[in-house]
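Sharing a structure with you now.
Chain IDs A, B, C and D follow the sequence of writing; residue 1 opens each chain.
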Amino acid sequence: MKKINLSYIISLALSIFVALIIGALIMLINGKSPFIGYSALFSGAFGSKYNLATTFAKTVPLVLTGLGTAISFRSGIFNIGGEGQLYLGAFAAAYIGITFTSLPFFIGIPLAIIFGALVGGLYAFLPGILKVKYKIDEVITTIMLNTVAVLFTSFLVNYPFATTQGKMNGTEIIAQSYHLRRLVKLSTLNTSIFFMSFIAIVIYYLMEKTSIGYDFKMVGQNRMFARYGGINDKKQMLIAMVISGALCGMAGVFEVLGVHYRFLQSISPGYAWDGMLASLMAKNNPVGVVLMAIFLGALKTGSVSMENATSIPSELVMVIQAIIVLFIAGEAGFKDKFVLLNIKRKSKKAGETNA
Amino acid sequence: MAEKLIELKNISKQFPGVLANSNVNLTINKGEIHAIIGENGAGKTTLMNILYGLYEPTQGEIFIDGKKAVIKSPLDAIKQGIGMVHQHFMLLPSLSVAENVVLGSEPKKKKFFMDYDKAIEITKNLAQKYGFKVDPREKIEALSVGVQQRVEILKVLYRGADILILDEPTAVLTPQETDELFNVIRKLVSDMNKTVIIITHKLQEVLAISDRVSVMRQGKLIGTLPTQQADAKILTEMMVGKEVLFHDLHREKVSGEKVLEVKDIKAKDNRGLTVLNGVSFSLRAGEILGVAGVEGNGQSELVEVLTGLRNLEDGDYFINGKKITDVNPSNMRNLGISHVPEDRLTMGLSKEASLWENLLMGLQHKKPFVVKKIHLNKKKIFERTDNLIKEYDIRAIDRYMKVKKLSGGNMQKVVIAREFSFDSPILIIAQPTRGVDVGATEFIHNQIMRKRNEGAAILLVSAELDEIMRLSDRIITIYEGSITGEFKNKEVTKQTLGLYMTGKQNKLKGSEDN
Amino acid sequence: GCSSSKTQNGDSSEKTKVALVIAGGLGDRSFYDSAHEGVEKAKQDLGIEYKVYECRNDASLYNDQLVQASQYASIVAVVGYEFYDVVQEIAKEFPEVYYIYVDNEIEGIDNLITISYAENEGSFLAGALAAMLTKTNTIGMVGGMDIPVIRNFQVGYEAGAKYINKDIKVETIFAEDFEDPAKGKECATAIYSRGADIIFQVAGKTGEGVFEAAKEQGKYAIGVDTDQRYINPDVIVASMVKKVGQSIYDTIIKIQNNEIEKGKVIYYGLKEDGVGLGYGTDDMKQFVTDDMKAKLDEIKEMIVNGEIEVPTAK
Amino acid sequence: MKQMLKEIFNLTLLQHTIRTATPIILAALGGLLTQHTGMLNIGMEGMILLGAFFGVLGSYFFGSSLMGVLLASLVGVIIGLIFAIFVVELKSDEFIVAIAINMFASGLTVFLLRSIFGVKGAFSSPDIVPLPRVNFSFLENVNFLDKIFNNHSIFVYISWILVALIYIYLYKTPQGIWLRASGEYPEALLTAGVSAKKMKYKSSIYCGVLCGFAGAHLSLGYLTLFSENMSANRGFIAVAAIIFGKANPIMTFIAALMFGFFDALGIRLQVVGVPSQFTQMIPYIATIVALFIVTNRQLQKHKKSKGERELA
């Protein structure tokens, strides 16, 4: 068990390393210095208190959407609709924040979070029920519902809930009592990271340590077996879907309460997709999701500083990122191939000694 | 002196962590029927897969007709005239019989398009030539395993194989089907002078059909001997490495209450056809009721209905005299039913999951394995896991090992261990020893009998008449979804059962009319 | 990103450092590129050096890029209404840095000068021109998204057209996407097929498709933000230019000579020549006749001295 | 009211439908091949984008749209190969590989756009030779046929032909059977002496080429320019079409057309004054509704046929 994890970490590190080498080559070909590049990347991500804070600020939504993806994928129902759920959840929170302006923070904030999660969950319930009751592929429906949610919120913030001050396609600023405290000067890192950590621990506990998590896993691995064992597979899938949606909804909530203090028409640069990436790369393991989210967050902040500090254009940075992702995907394969080679070499020797 | 056809020279195969074959030297003579036996995981399939080009040996050479043969892929093997019928059928469910038979070298028209009519014709002719009854147009998914097996053999013959490898061909066959298969094999050898290698776990089959037999243990070839010089005892010892005693099962007198009863139940199969029309029987505590029947006559569906996996279209279902209205798996489990399903891989196990997870299924919501409603109590769970691994002697590295890495026999032990550990008053057991080696079979039979003697009510469905007759107290025969007869075990012969199983006789006429 | 290479050469010690922070990415051939021209011009004429910080419409980067820019430069040009909240926060954090915030209106922060354009006024002229050019009494507009800024173009455009011919039909479609030329083409085609013969595009890259449609249908189009005629002089008859670059350039000079009034909003309307029409270069075939231009100047005058009240979107 | 309907439902609606559907059809035809070999390819988004760029590149430098298409397909082959190597050979998760390909594509195209053409954002030029349009004179005398089916860009017609060809390939040729088998039960195919891996590679490469076509059509047939991320989610719509059409070429074709239709409808409804956010939702909601209806009908049919068998 532990052993496996270790070898996984090692081969993962190796593949990332190889990817970075290739990235270095690309930089050299374009006459840039990999050393300057990567040191900028690294210091940009972890160099100072501010950079570190920025990195973690980025990971908050990734962790939440990532865990959302993980829990649904592990249960064998594929929620690709995180983005839509995030938008609706975010708007829901903003709605609370601009409507119940007189609530004290200790009521208002939980209310906003719960309402956002609820809305996100409900929006995931729809494709969920379509899947288990009517056998309609959830991958399509969730993809479609993403666009619907984005357009719908866009309507809301441009008509009924349009702000009156400044040209902004967003809602009004939420009441002061809803603002989550910023933790580090200049960075958007805020107390939502504590909420996030708490939620992450809960989800980890749920997925790894409870009978519910066990049921999810069994349904995802072999529905027949789960049903045979007395698990209500459809119900489990539905629950997983709703939890998934709620998590993505919360990701949106915290963008509003902690970062923008209002709902913006384009509030998410595709967090849910990055979250999904994190989850896939971590094979839907909750701890892995958190680590991968931090990794992706660092990569994002780092690469921004990289393109500012050095003269390496953003698109090149993007290419390098793509290669890193690709090699992480290849990790398992590389390992297997490597192991097989070893076996061959060993047995060749053995053969010779035999003969 | 028979002439050598195939020579395997010190073949070894190393899988990550497992040495599946080590320095195997095996000679197959022209025109012989050569049996290979060994425990689950002994390396039989691996060896044959190497000969068929599916695995590349980590070491060793293959000679055919004295010439060194390079077999890097099944295609090479086919070119060498080798054909293999695999342990798990290699047929495409969504395609027709004909399409499957010609798969890989389809007849073409305008040298680009598939020529279906030709394919069907070819299949017809082949089938006639070897006396198989199959409809070339049928889709595979609609066929019984027995027929599927014939399709597999047709496939091999269509590719013009002179050497046939059959990996556990009889594991899923009924006695009748087995006899038919053996006749075909003999015909192939005598009339068409083909050579056959057959893997099986059933010694009486080995003795019945083979000319020579090779025994494998833990990847090594222990020895090869002419079948005349062999008997069950010798072979078992060679396989297991120690003596296995087949003393008769000790059967206690237990007379228990009627715990399970069904009256005139009906059910449909997945295609919506009625497969159970009006089945009635009852089951007492402390007895084993054997259900004898040719595969595909409704016994699978019967089991699924009783365990709540298939919905009950009509009829009454009583447990401990109480009528069950809501028949679903979790309900039936709570009512004290344990179930050993016929197909362990698709229903009995999660191959991707670890041993402990597979053994936990069904208890994950029950004290003491869960505390505070949802918290899994790993300590207790692992305790139980390790005990079961010991008690049922499951050969595994540790409790974290993925079940897919176990051999079939051990996979089956996992299912048995889990279901028996519930101490449920009712056990519904289907094909408990399919594809399982002698030692494991003996072990499992003992466990079943132990349960009976402890007073469990057991419904045993098996395609193996021997198994049924060895274990059952009572036997019912099922044919086309209806019970055709009921017998006290000692008072009936295989032959009679055969007649009732095939509908040639029927005690309870009239039960068919409704 | 790219342009930062310009920092490498030359001793950066005494040169004034300027940062250009944009919400989207360079290469839109309109708004952001225009801003880029401004700082580039400043580099040529005033010998400043600059870096561009692109946010590529990623809301999570607005703050970070602005911070990095503020740490680098003494003058930060912030382009995009999206920065409304962020720029106010950050400006307070860096009192020694001057912020030129383009495309919104904020007052009362000493080191923050906002530049607001009267798109509606410029669009009024565009509308008037379209109304003069159309032979079918139907004109159209393709907007990138149904958002305040774009609607501000829309109202001006319609008012302008109606001013010339009060029963003219104005068809407007929002593509709800700034990056899909194919969609832009379909929107335009739909409008043309309904009888319009000239379309005003306010849709970023999506607008490229409008020009394609115009070419295919042999109809007219009006460009936006920069003088886009060069993209296809045969169908793009004029452009409603928003002189972002110019205004940034001017403001940089003002700042350097301390002529700036602190914390004010600078309006760039027709009066200030911040918006207007571009007719391309003389080597291009001209569709707008001189008396049309005369008429347009006349209208401009009336707007400047308030005889014409141009509506604003909210 | 009647007038309004007239304004919406006219021939231009159908023209628009066909135009919008074509790139989706081309990509989806490729994607359904990989789908049959058991690989869901959401990397089509990036593959289309690359096709679009290299189409323009080829057409611009060689002054021939054919070269553009060739270059686009060549790149398609390479990307298809990469996808296959990672998914088939290294057993990587196809989602991750696809996501990587999408990132790679949007990065690389922007990079090359500037290093080759020296521009950012978008590149258009009179030197980009567009793909030819086709005009069937025999259609001209029937007005509505002429309007709907005439003088589209060549790939519109090619896409229709491809639907038929790929249908035949999949269901009427040995190769097609192997391709489907390699997804349904690779071991079975392997033991029949055909390499399932090879079929997966093939499908992935075909997919690359067809996405190359889709891209080239987008940048040389539909438009004559390249602009960053101009694939604008068509790859994902294609995925939806494939799942909708259960990877059957004809059903997928219909799904794509349907999507195109509702897209056209959406834009037209705007003209009669429905808020754009809602009109733009139409294709997406319509897809879900359609799915619901279709699957529901199937379920009903299933139940019914069960009943009939009962009687028999």
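Everything below uses one rule, namely that contacts are C-beta pairs under 8 Å (C-beta built on N, C-alpha and C of every residue); 3 or more make two chains touch, one makes a residue touch a chain.
Just so it is clear, the model here is predicted, and its values are computed rather than measured.
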Just list the two chains that share the greatest number of C-beta contact pairs. A-D
Just the number, please: Cα centre separation of subunit C and subunit D in whole Å. 35
Mind checking the centre-to-centre distance between subunit B and subunit D? Centres are C-alpha means, answer in whole Å. 45
If you average the Cα atoms of subunit B and of subunit C to get two centres, how far apart are those centres in Å? 75
Euclidean distance of C-alpha centroids - subunit A vs subunit D, Å: 28
Subunit A residues counted as touching two or more neighbouring chains: 151, 154-155, 158, 313, 315
What residues in subunit C touch two or more of the other chains? 2, 145-146, 176
Multi-chain contacts in subunit B: which residues touch at least two other chains? none
Report the complete set of touching chain pairs. A-B, A-C, A-D, B-D, C-D
Please name which positions on subunit C make contact with subunit A in the complex. 1-2, 4-5, 8, 51, 53-54, 56-61, 63-65, 67-68, 72, 81-82, 84-85, 90, 93, 103-106, 145-149, 152, 176, 314
Which bits of subunit B are touching subunit D when the two form their complex? 52, 54, 73-75, 78, 84, 86, 90-95, 99, 103-106, 108, 112-114, 155, 159, 268, 271-274
Going by the contact rule at the top, pick out the subunit A residues touching subunit B in the complex. 1, 209-212, 214-215, 217-218, 221-222, 224-232, 339, 343-344, 346-348, 350-351, 354
Please give the residue numbers of subunit A that touch subunit D in the complex, ascending. 130, 134-137, 139-141, 143-145, 147-148, 151-152, 154-155, 158-159, 273, 276-277, 280-281, 313, 315-319, 321-323, 325-326, 328-334, 336-337
Under the touch definition given earlier, write down the residues of subunit D that touch subunit A in their complex. 40, 86, 89-93, 95-97, 99-101, 103-104, 106-108, 110-111, 114, 236, 239-240, 243-244, 275, 277-278, 280-281, 284-285, 287-288, 291-292, 295-296, 299
